[in-house]
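Below you'll find a set of structures to go through.
Below, chain A partners chain B and then partners chain C, in two separate complexes.
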Partner chain A sequence: MEADRTGGGAVVTVPGLLLFAGFALVGPAAAFLVPSTLIQSLLTQATIYAIFALGVGILIRQNGMVSFGHAAFFGLPAYVIGAVLPLGLMPPELIIIGGLAATALMAFLVGLVIVRVHGIAFGMLTLAIGQAVYEAATRLRGLTGGHDGLSLDLPRFLFGLPLKTFQQPGSMLIVTWLVLALMLAVAFLFAKSRYGLLSEAIRDNEERVRFLGYRTLVPRALTFALSALVTAAGGVLFALYNAFVSPETVHWTASGSALIMAILGGASAPWGPVAGAFTYFFLKEAVGSFTTHWLSIIGVSLIVVTVVFPAGLVGLFDRLRPGNRSQGAANVG
Partner chain B sequence: MAIQVLNGLVYGALLFALASGLALMFGLRRIVNFAHGALYMLGAYVGYTASLQFGFWAGLAVAGLVLAALGVVLDKAVFRPLQHRDPLTTLLVTFGLALIAEDLVLSVWGNDTMSFAEPQQLAHTLSLFETTFPIYRLAIVGFGAAVAIGLVLWLRFSRVGLFVRAASHDPVIAAVQGVDTDRVSALVVAVSAALAGMSGVVAAPLMSLAPSMGADILVDSFIVVVVGGLGSLGGAFITAMLLGQINVLGVVFMPELTSLLPFLLMIGILLWKPTGLAGARL
Partner chain C sequence: MRKSKILLTVLAAGLAASSPALAKDPLRIGVPTSLTGPYVELGEEAKRGALFAAAEANAKGGVAGRQVIVEFGDTEGNPEVGRRAAEKLVHSGFKLLTGSISSAVGLAIGAQLEKWDALYISSINKSNRLTAESCNPRMFRANHSDAMDMAAVRPWLKTRGEQDWVVIAADYAWGRDSAQEFAAAAAAVGKNVKAQLFAPLGTKDYAPYIQQIKDHKPAGIWVALAGRDAVNFGVQGKQFGLLGSVFAISQSFAVPSTIKGMGDVAEGIWGIVNYTSTLDTPGNKAFVAEWVKAHGKEPANFEAETYVAMKTLFAAVEKADSVEPEAVAKALETVSLDIPFYGKVSMRAADHQLMMPNFIGRVARVDGQLKPVVEVTVPTEQAMAPPSPACKM
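Here is the complex of A and B:
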């Protein structure tokens, strides 16, 4: 058991570390090399949504479950920050961390209920729960500002950095990119951990794993919570960058977009949803200049990818590298 | 109070007409049609355009026929080729179709909400329980009841209904016994799509036309089929009625929480019975 748990070889290797360091430097490099604020801002947004989609992808990869309601976890920390900040009870940094923890905890509790339901019914439930959060965001006007949204009255310094670091595209690109790299590392290490392997085994055959003497409900709920936590980290960056949150942030169409990014990129490797998010944003930008039929284009792309290239960009990449097959291909599609 | 119960029946009837199609399709093909809300929306818009020319009833009939034809195409072009793939594939493909349908409606009819007049014959009110109640709403309850009774009679007593039940129970055995499951499936998807489209027309005078109308009611009908037990018509019926009542009684007793009640109901029931009220096999 211990010996083969990583499929042979160390989890953290020197080439792996170099690759990771190289990846982490891409964002800061782009921030300095790309002069256009417009493109910097596009990159920053894409990075935030890449973190969002990464969370969705973790759930697909580890649990084999598709969520149509992750926007709830994206928007929730933003609302927590916006609602608790004016009370002045604790330092803003603590509120941010508390918002993340609260989101993960809520996801865990919700997960305990809904991961019992399998397959497509799970997707329908996440949709319903996401819409419940949306309804709450529009109705609880005192806390959330209703349809008008909530402006976040952020302090002038956060984590020792001036607030404008988080609100100018150039510097925020560096911050978001580093968080993205961190989250990718978390996703990668989780996938290689004993726990991650257990969750994959449950994904493939839950009954057999239960037969081996493992409890399966809590691991699946914990994976759900981790995926929500990663998405919530994206939500915090979104809140800092825009200093504003509205019900649109938690609407199911946002969940749908993140899911599309994860599917386009392919969820069988952690980097798939990230690549999917960047593709989505740049495609949208490129297409937006000559047609208004973005919905059809993304609908057709989704259909083509699910039917013809179920492994998404990850699959395409693997095909280009001869003799190298994707390990642990998540069975979506 | 009694009026509120009636209003609950109106929404419950609409939900059932929509959810019954979802339940039938799940029973037969083990798929969830994410585009069901889009069919409802398309039906409403098609019916609207036809009714401008020929009146409400023709609009209702045209919506039913067009959507039935669309249902056959959907089954032959999408569900049948994908029947041996993971059900998630079909879910995602229908999600893509829903996006395309929304774009289509936006391009043809625009983003403005439009109002759809009820038929003149039903544009009256009735004195009921010391107040007045629009007859059209009663007609919607009648529509829901007709759908429920019609489906039960069709499934219980017709030869095709027997085939549908057999194929939902076990498609392979049914096929071995000589049931043409592909034709049965095309028929069921056509009926479901027609019901969705006609529900759209029936609901339009009440809720006005907007490209988002499909997505809103889709969430509620998903709750209905999951809580009722996937694939179960009886479960869907009970849950739709329950949800209808919860919606209006919530407005009376706890207006702040109304829109959350269906979700709380769903979580409560799933904690108690993870497979839903009717305990369908998943």
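Here is the complex of A and C:
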């Protein structure tokens, strides 16, 4: 049923490229066209969460696995920056890239162990790892500032750009949007790559893939690492924009929100979690401004979505597309 | 709360009908505070304090001809949520901020002020860090810091007979600060602090902490818990036979919101009293009368303290004749004004701390109701701790 997405034909097509270029321009256009800094700042934050949710979505789509601990990968780079920067050992750019690489490597190594288990057990393991990071963030006061959080004393220039670029909503919207587009491209290309296809095959029937003579552990761990890396990229943008990180950022509720975004949007296409993140974020903003019980409204919407559109916004889109007879059924566990 | 809202609406309507004078930009004040979470009762106090000050100013034609508009955001008592709530207020045009409960929220907001081109004046945050290592040109404090509370406690502690103490405090900036300051003060007057215990904000079960306190067999305990945490600790402390058997002194604990939640257990607990409606001065009596007229009950500590921060902000806006955060911050540095219940107060430019008197008291029955009653008045000269050398503007 996924033949149009995963198999046959050129990976990169002209219409595909045009669509991608068009998407990449939406953010910069919004930054220039939207005059309100409030909307710009909300869009920037939503974009950062979209990258977070995209990472969670990759894991669901490629591995069929649901993580309850991805906030750890989101917050970790920020804490690494906050802890290493004051030491003055290396240039801040190197710390940022190093923080990303370290997070991905850690996820790969952890993945080698935990992707062996499936279903609820995997979810519980990710939850445990996530909460371990949360506990560390609250207990290691000297390093993390404990419950008070940590203000990041960022340098005046980063990657040759003035720090303001990363901290003013208008310019940061462009930066975050371009990173989102890049990450979407990475997710798309990975899905088409040998490892991507293999991981999907494993997701659908691991026994058979093993029988065909493939090793099934590494592709799954690699997908886990990629998913963590994308999430961590969102985390770096979060750290740059806010110059602040607190245990709340790595708490399981943050993982839960990202998961809701991914499910709301539907994980069967890379853009699903992104659409889900924007929907969730602005729904929360709209509802939150007239009631403090916004969580209940989000909860009800989630129930409606899972019952009526089990494949999220992606499923709805597939169903509405003219000439598409696809049932839009969920292909994820 | 509803009454004050109605009052504000009526006043606003009245002003709209008769105010060609109010042509200047309105004074927009953002209040990111605990509208939910463990500090919700305190957040409601901050809200009422801010609305009362705004209504009072608007009734007199505004601040220097500017209408006062107050907008709220929910911090949940959490630095990350609080930072986001404040950011939203700032981008909606409310760049003068006040009223956060948790010091951690105040510190998280403080670090963003320059970037946001905003200003924050604390009305409740006690952590020293706001006016010490984390001080900055846009952050001010119009309430008592931990260091100030301890400057008041130290001479008093010397007169107490209790030798062994245990500290129980909230596990974030304020509680950590408070515990450290109390331990230092106790050491300076020859008392022992046998243990410092920290409970995360929002702890519901204090039994393990209470047991640990009892194990140390202290003669006195120093309590730095507030809001629902304080109520939970107080009620459970009574059940486990802790309160009543040891001497308790506290910060933000012997206050109306906690007393209401704790009931009779609260009687006899000592505390730093930054404000109480029972203050026996003509200025306070007039303030209490005005407050009772609007709300039907006497003002609580955080209501009055948020009122102080609002009045301080008003004075600076008048002085600067501007609502631009930079100009208001400049004016705030040297502002001085009269507060009905404190008398003359003024800002200390070195660390942006408002200088004012302080009080120590205990919970006693007044006309059949439990209220904090002042036992020791500490005049401004003795209440002020020197500015921290760690503060570099």
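Observations on the structure shown:
Going forward, the second predicted complex is superposed on the first by the 320 of 333 C-alpha atoms of A that agree within 3 Å, B and C clash if a C-alpha of one lies under 4 Å from a C-alpha of the other, contacts with A are read in each partner's own complex, and residues count from 1 in each chain.
As a working rule, contacts are C-beta pairs under 8 Å (C-beta built on N, C-alpha and C of every residue); 3 or more make two chains touch, one makes a residue touch a chain.
Treat the numbers as computed from the prediction; the structure is a model and nothing was measured.
Of the two partners chain B and chain C, more residues of chain A are touched by B. When the two structures are aligned on the shared chain, A:V300 is found in touch with chain B, with no touch to chain C. By the document's definition of touching, neither partner reaches A:S255: not chain B, not chain C. Applying the stated contact rule after C-alpha superposition, one finds that A:F244 touches chain C and leaves chain B untouched.
When the two structures are aligned on the shared chain, A:D148 is found in touch with chain C, with no touch to chain B. Chain A residues in contact with chain B (one complex) as well as with chain C (other complex) are 138.
Across the interface of their complex, chain A is touched by residues 31-32, 82, 85-89, 91-93, 95-100, 102-104, 106-107, 215, 219, 222-223, 225-226, 230, 256-257, 259-260, 262-263, 266-267, 270-271, 274-275, 282 of chain B. Looking at the complex, you find that chain A touches chain C at residues 36-38, 40-42, 45, 138, 141, 146-149, 151, 167-169, 242-244, 246, 248-249, 292. Those residues of chain C lying in contact with chain A across their complex are 35-36, 74, 78-81, 83-84, 87-88, 91-92, 103-104, 107-108, 111-112, 115, 134, 171-173, 176, 200-201. Against chain B, the residues of chain A that register as touching in their complex are 66, 113-114, 116-121, 123-125, 127-129, 131-132, 135-136, 138-140, 252-253, 256, 259, 263, 293-296, 298-303, 306-307, 310, 331-333.
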